[in-house]
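Multiple structures are listed underneath, in structure tokens.
Heads up, the next two complexes both have subunit A, just with different partners, subunit B and then subunit C.
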Partner chain A sequence: MSTAIMAAAPKASEKHSTAPFDPRFPNQNQTKYCYQSFLDFHRCQKVKGTNYEPCNYFKRVYKSMCPNEWVDKWEGQLDAGTFAGRV
Partner chain B sequence: MPTWSNLSLQDANSPLMEQLIFFHDHTMMILFMITIMVSYIMMTTMFNSYINRYLLENQTIELIWTIMPAVTLLFIAIPSLKILYLMDEINNPMLTIKAIGHQWYWSYEYSDMNNIEMESYMKPTNSLEEGDFRLLEVDNRIILPMKSTIRILVTSSDVIHSWTIPSMGIKIDGTPGRLNQGNMNINRPGLMYGQCSEICGANHSFMPIVIESVSMNQFMNWLNSN
Partner chain C sequence: MPMQGMSFSSLKKHTALIPLFVCVGVGCVGCAYYCLRLATRSPEVAWNKKGDQSPWNYYSDKQYKFYSPNIDYSKLESPAPKY
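== the complex of A and B ==
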């Protein structure tokens, strides 16, 4: 990384956030937080349709929590109809 | 990071490590007191001549040497548990990064924002630059903002690895199919080094971890430039 890139000031309007603490998953093991959010997103979309904005909350959470490899695998399974979860 | 012929713990780079060092010193103090007391008692029993043939029982001294160690253990156990549970705590993280162990390198994902993925291999000895540390430098460092709460999720794609930064008091196993969470709050800018801490195969010793801690502004600029 060059220092020239670092010198420019960041834009104040940009707001970054990540998945918050979830009291359902207070432990070190966060596997279920990732999986449950992935499941919740697809359940939400199934009920509310793909254009329902609040569903995207779950998407942001699973994007933050799940390794990309897992998400790719699950999406492939969803497309192939072999996903084990109940969407 | 460790310096040459370093005997004790590395200097703390996070509040948790500061607490761990306090706890270590506190426990060592108790251990020294016990060792000195026990060796004193052993020496005196060997060399004195206070022998009493009619002494068969002594309830008082038995009571003392039962309760005294129990109280001593409490003084170690309570702060130990306190730090143990403090290390598990996560306080509204502002950033989540994922470390994924592979045979034999680490890969990192910053997917809160523009989904940065990178692989971090050890720099081979023949491509080291002046001032680099042999077997510790990597080609892609983890860039992190200092003085902010960071959640680190560790997993693995093949065998068990362990993601470790000693100067921040972090050691999290990366287990395939499981996500382990850790918490970081870096005190200062700089480089923090660590190595894989779970025997993971032939090149286990050659998959180091390097954190480059920078200010929040610089971190944001790095994010936006990626």
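== the complex of A and C ==
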């Protein structure tokens, strides 16, 4: 690796940070963090509208915490009106 | 005659039983406390069917664990924005 690429590396790693530690979900199993963030994102959008930037925090969290399969399934259920959570 | 050691007067004659009663007593109290804590304070348990169904949100700025070896988060707050 050339020095120029190595110097640029820290910036790139900042961009790809994962979800931060949350005291509500201190265990190794992060399933609830995923689900709660997915719920929070859609509740937040319902309350504040789709252009409210802080809502996207929840989207970033569930994008890194949830298996993509689950997100696809839940979004399909949301569209079909069969999602089990209270949004 | 009742079993020796079951009353204070006979326990004085059988002092070797005192540690047994202390250990069993501490065990029972600890068990009762821990079970009650699990039932009432656990982030997994909601008794009220009509109330908040996500009891873990209560712990957004608290620590449920007695001891957390890698990160003490009793003073940390959840980074999630409020909306």
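By our rule, the second predicted complex is superposed on the first by the 73 of 87 C-alpha atoms of A that agree within 3 Å, B and C clash if a C-alpha of one lies under 4 Å from a C-alpha of the other, contacts with A are read in each partner's own complex, and residues count from 1 in each chain.
In the analysis below, contacts are C-beta pairs under 8 Å (C-beta built on N, C-alpha and C of every residue); 3 or more make two chains touch, one makes a residue touch a chain.
For clarity, every value in this text was computed on a predicted model and none was experimentally measured.
Peer 1: A:43 in the overlay: touching subunit B, subunit C, both, or neither? Say first, second, both or neither.
Peer 2: second
Peer 1: Please work out whether A:55 is in contact with subunit B alone, subunit C alone, both, or neither, and reply first, second, both or neither.
Peer 2: After superposing on A, A:55 lies in contact with subunit C but is clear of subunit B.
Peer 1: By the touch definition at the top of the document, which applies to A:65: first (subunit B), second (subunit C), both, or neither?
Peer 2: After superposition on chain A, A:65 lies in contact with subunit B alone.
Peer 1: Looking at A:20, would you say it contacts subunit B, subunit C, both, or neither? Reply first, second, both or neither.
Peer 2: both
Peer 1: Which partner chains sit in contact with A:28 here, subunit B, subunit C, both or neither? Use first/second/both/neither.
Peer 2: It touches subunit B, and subunit C stays clear.
Peer 1: Under the stated touch criterion, name the partner, subunit B or subunit C, that contacts more residues in subunit A.
Peer 2: It is B that touches the greater number of subunit A residues.
Peer 1: Just checking: does A:82 make contact with subunit B only, subunit C only, both, or neither of them? Give me first, second, both or neither.
Peer 2: Touch partners of A:82: none, neither subunit B nor subunit C.
Peer 1: Can you pull the subunit A residues that subunit B and subunit C both touch?
Peer 2: In subunit A, positions 20-21 sit in both the subunit B and subunit C interfaces.
Peer 1: Can you list the residues on subunit A that touch subunit C in the complex?
Peer 2: Touching subunit C from subunit A are residues 20-26, 32, 36-37, 40, 43-44, 47-48, 52, 54-55, 57-58, 61, 86.
Peer 1: Of all residues in subunit B, which touch subunit A in the complex?
Peer 2: 88, 90-96, 98, 100, 109, 111-113, 115, 117, 143, 151, 153, 155, 157, 172, 177-182, 214, 217-218, 220-225
Peer 1: Applying the document's contact rule, which stretches of subunit A touch subunit B when the two form their complex?
Peer 2: So the residues of subunit A in touch with subunit B come to 1, 5-11, 14, 16-21, 27-31, 33-34, 63-69.
Peer 1: Once bound in the complex, which stretches of subunit C touch subunit A?
Peer 2: Going through subunit C, the ones touching subunit A are 43, 53-54, 56-57, 59-65, 68, 71, 73, 76-81, 83.
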